[in-house]
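Here the chain labels run A, B and C in written order, and each chain numbers its own residues starting at 1.
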Amino acid sequence: MLYALVLVPLAMAALAALAPGDRIRPRLLPLGAAAELALCLWTIHSAHPSGASPALGGWLMLDALGRLFLVWLNVFFLITMLYAPGYLAARSDRPNRVFCANLFLVQAMMTLVTLAHHLGLLWVAMESTTLATAPLLYFNRNTRSLEATWKYLVIGSVGIALALLGSFFLAYARLSAGLEPSLLFDDLVREAHGLSVTWLHAAFALLLIGYGTKLGLAPVHTWKPDAYGEAPGLAGAILAGAVSSCAFLAILRVYQICQAAEDAGFAAEMFVFAGLFSIAIAAASVARERDIKRMLAYSSVEHMGLLVLGVGLGGKAIYGALLHLINHGLAKGVLFLSAGNIHRAYGSKQAGAVTGAMRVLPGSAALFLAGFFAIAGSPPFGPFTSELVIAGEAAHQGRMIVLLLAILGVAVVFVGMSFTVLTVVQGEPPCAPDRSHFREHAAVLAPAAIFLALVLGLGLVIPDPVDRLLVDAARALEPSR
Amino acid sequence: MLPYLDSLVILVLVLNFVALGVTRVRAIVSSVAAQGVLLGLLALFIHADLAPRRVIMVGFMVVLKGIAIPRLLLHAMREANIVAEIRPVLGSMGSLLLGALGTALALLFAHTLPLADEQKRLLVVPASLATVWTGLVILTTRTTAIVQVLGYLVLENGVFLFGLLLLSAMPLLVESGVLLDLFTGVFVMGIIVHHISREAPGAGPDVSARTAE
Amino acid sequence: MFGALIQSGLHIAFAIAWPPLLLGVITRTKAFFAGRIGPPLLQPYYDIARLLKKGSVLSDATTWVFLAGPVAGLAATLIATLVVPLGDRAGFVSFPGDFLLVAALFGLGRFLTASAALDAGSSFEAMGAAREMTFSSLAEPALLLGFLVLARVSGALDLSDMMAETLFEHPGQQGAAIALMFMSLFILLLAENCRIPFDDPTTHLELTMIHEVMVLDHSGPALGMIEYARATKFFVFAALLVRAIVPIAGDRLWADWPLFATGTLAAAVLVGIVESMIARLRLARVPVLLLSACMLSGFGIILLAR
């Protein structure tokens, strides 16, 4: 069953690679994504209540944490894929064989990340997501996108290489403690007490830097503005919503091991520090950013900081962080897809060159503005709820300095982004506004609208099944009593 | 264990400094290639028994790191008319000092790490950390795409050096990890370097002049 | 008693007669790699003899310092050969701390050579002296650090006992430290003796010279002495290199001396090969290489200290 979850997207990737014609191929994307989502819902539904159904000698397993990420990633992927046919039809000048096949590859590898219960396999899957997303960035085939891809690959691969070293350290932590060296997640958790603390700390630090690079934590976030800026809106959404979720899951896995070793204090402090630092760097950088997609990248750095901050705080904030992961992903979906539309229509993504979007593209501009409010954490959208949960926990623990710094950072980002966003949305359109043949229609608006509806919905009410997934996952990250 | 293992590991360190100190791309390529071959030999002889699988892996690695990658890079260099001499952000003196600082710290503090008894006195762990550090220094202070690939390879060599300690315990992990790493380093980056040279002929991968962090 | 007498006799004979041959070997090696036959191996002897027979021209502007340079330079290096163990167990003279004497003797020779260059009052020669001093400020620490490595490995402070430890008697970290010291010493050998990549002893461009430019105004016997001192200095460094890796116990007369002689010849051939293979460094990059020599020895010490 678990094999099928990985193999179906792989088969779809092969199909997309073989399919003739650039017109048919994009239609495969939503179909494949829907099939995969159905399959994974069915898997979860039919699984044993405890959720444990290991395959491949324990290397693959669907646990509570994995379940949340599996469902979330596939839901996100499906909605994004709904956008693909409309977008690729507008870009019929470019061959999309590699693009489509790689989207499915990314999906397969992301699914593998959620299922992997072996740190080596997890590492392989993460590395594969890097490799599979690189061609998505290079879709535009110009010098700037080449540079962005290069930066993404080099910095991402360095991070991943450091993560490999961290995994080696973890294996060595067992070896030096006289245990059978193994990177099987269950072995690591079960015998975590025996691990040598020094090596565990070193491993955690390296894995945090390594996977943190993919996540985009400061100071190893430097690839993000270029990659998000040059990627097509569709690929940007995948990177911001899905790939960073995978990196977050990888970090959480390592955190679980620290938790099991009853040595989470060190990890938690590093999380808090990394989180605050990322928020601060994002706040400092976003204020000067006039490129709407690069601006979104800095916003992403800020929110990734919030995620690790939440986990570092522990308690209720873990639930908040997981909820925020979803809220942020949904809001970024709205923003990237609508920003993609704006970029297509204007042929530019610089605030200043792009003005008056509300008149030219009323639908996309409205979605973009609403998405901005959502991501900035204003009620009634979802991020407000989740940020409130995290802030509440910080206040509850009496960590007022952390709370103040985080709120200050979020406020600065809000102000910084609002200037750029409002410049784009309001005002008069430039004199020759509509040189491109890009027209808004349902196919390119609906997916963003669905994202917006979801993020609004999550702000108003958290449905029971979602709540159950979140609570189960959060429990897996709390110290076992 | 090999009696002169430490002296070989020292050579790996010295090659780090060569890679940091020289400014001719060709020289960096050869020093990194030599380092790769040296590591392959280390992997071959670090344990007394010669498992056929290890021999195959080592052979593959040596061919890849010692012959295939250098040739690929030099070929790309010729194609793209890359300048033979790099101008690093940080001069070679600075890079050397930075590398020396990291290496000294690694040598001084590595023995505080709890190592298995038979590996306590070995230089492998500090050398691995120092090599990773060297790779990072090269990656952050060099702006030419090709040299960044080389920096990545040095980094990867450092990771592999640590992997040597785990080679007998979990060979599959080490081998697959290292090979996948190499795959990225060579093929994907190689392809990009090729693309870069095609996009901006003449300028060479200096379009990535801004890629340094 | 008789054995000690022979050893001492051989030591002095070697120190006096052997050095110019090494320069001849280097020249021949380079010629071989360039596809030429090259001058006879004994050419440096003929050169020195010829120069000593000549008269010399002295500028009116010079003082006694101008002649003191070559004389003291030769004297300093010749004394250094007495301290360094060659094919025998101990040097002709040996006492704790004598490695400092070797370093100091080289320093003295350099100081007087530079003084003589300044004494001539030529701007070219002053430039050479400035370069020589700049580079030696990096080369001397490297030499001392290298000696420190040997001192730590052997636990002795006299060169004879220090050089008794060779690479192959110490597998493991001590051997690794000696290997580092060896590399550092080889770089120093090239630097101190003005070989490529630091300096080109055969160049004819004053602006690129370092050592040669300092002795431009010397002629006749003074130049002969300088040539001879240069050969001797190379010989001292070659001896140090050989003793660091070749196990010479010093108690088998008939085996040790041939071993030592072969070793120094091999060092000369190695230098010849290096000179044939690499080009001269830009002046600005010379300090980088000298710094790496310091670092290599420094790491050797760290290895031993940790």
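A few points about this structure:
By definition in this document, contacts are C-beta pairs under 8 Å (C-beta built on N, C-alpha and C of every residue); 3 or more make two chains touch, one makes a residue touch a chain.
Please read these numbers as outputs of a predicted model, since none were measured by experiment.
Highest C-beta contact pair count among chain pairs: A-B.
Of all the chains shown, the one with its CA centroid nearest the global CA centroid is B. Relative to chain A, the most remote chain by averaged C-alpha coordinates is C. Computed centre separation for the pair chain B/chain C is 35 angstrom, with centres defined by C-alpha atoms. One finds 63 Å separating the Cα centroids of chain A and chain C.
In whole angstrom, the spacing between the mean C-alpha positions of chain A and chain B is 31.
Residues 3-4, 6-7, 9-11, 13-14, 17, 21, 23, 92-93, 96-97, 100, 103-104, 107-108, 111, 121, 123 of chain B are the ones that touch chain C when the two sit in their complex. Of all residues in chain A, only 120, 123-124, 127, 130-131, 134, 138, 142-143, 146-147, 149-151, 153-155, 157-158, 160-162, 164-165, 167-169, 171-172, 175-176, 181-183, 196, 198-199, 202, 222 touch chain B in the complex they form. If you check the complex, the residues on chain C that touch chain B are 167, 171-173, 175-176, 179-180, 183, 285, 287-289, 291-292, 295-296, 298-299, 302-303, 306. Residues of chain B touching chain A in their complex: 112-116, 128, 132, 135-136, 139, 145, 148, 152, 155-156, 158-159, 162-163, 165-166, 169-170, 173-174, 176-177, 180-181, 184-185, 188-189, 192, 195-196, 199-200, 207-208, 210-211, 213.
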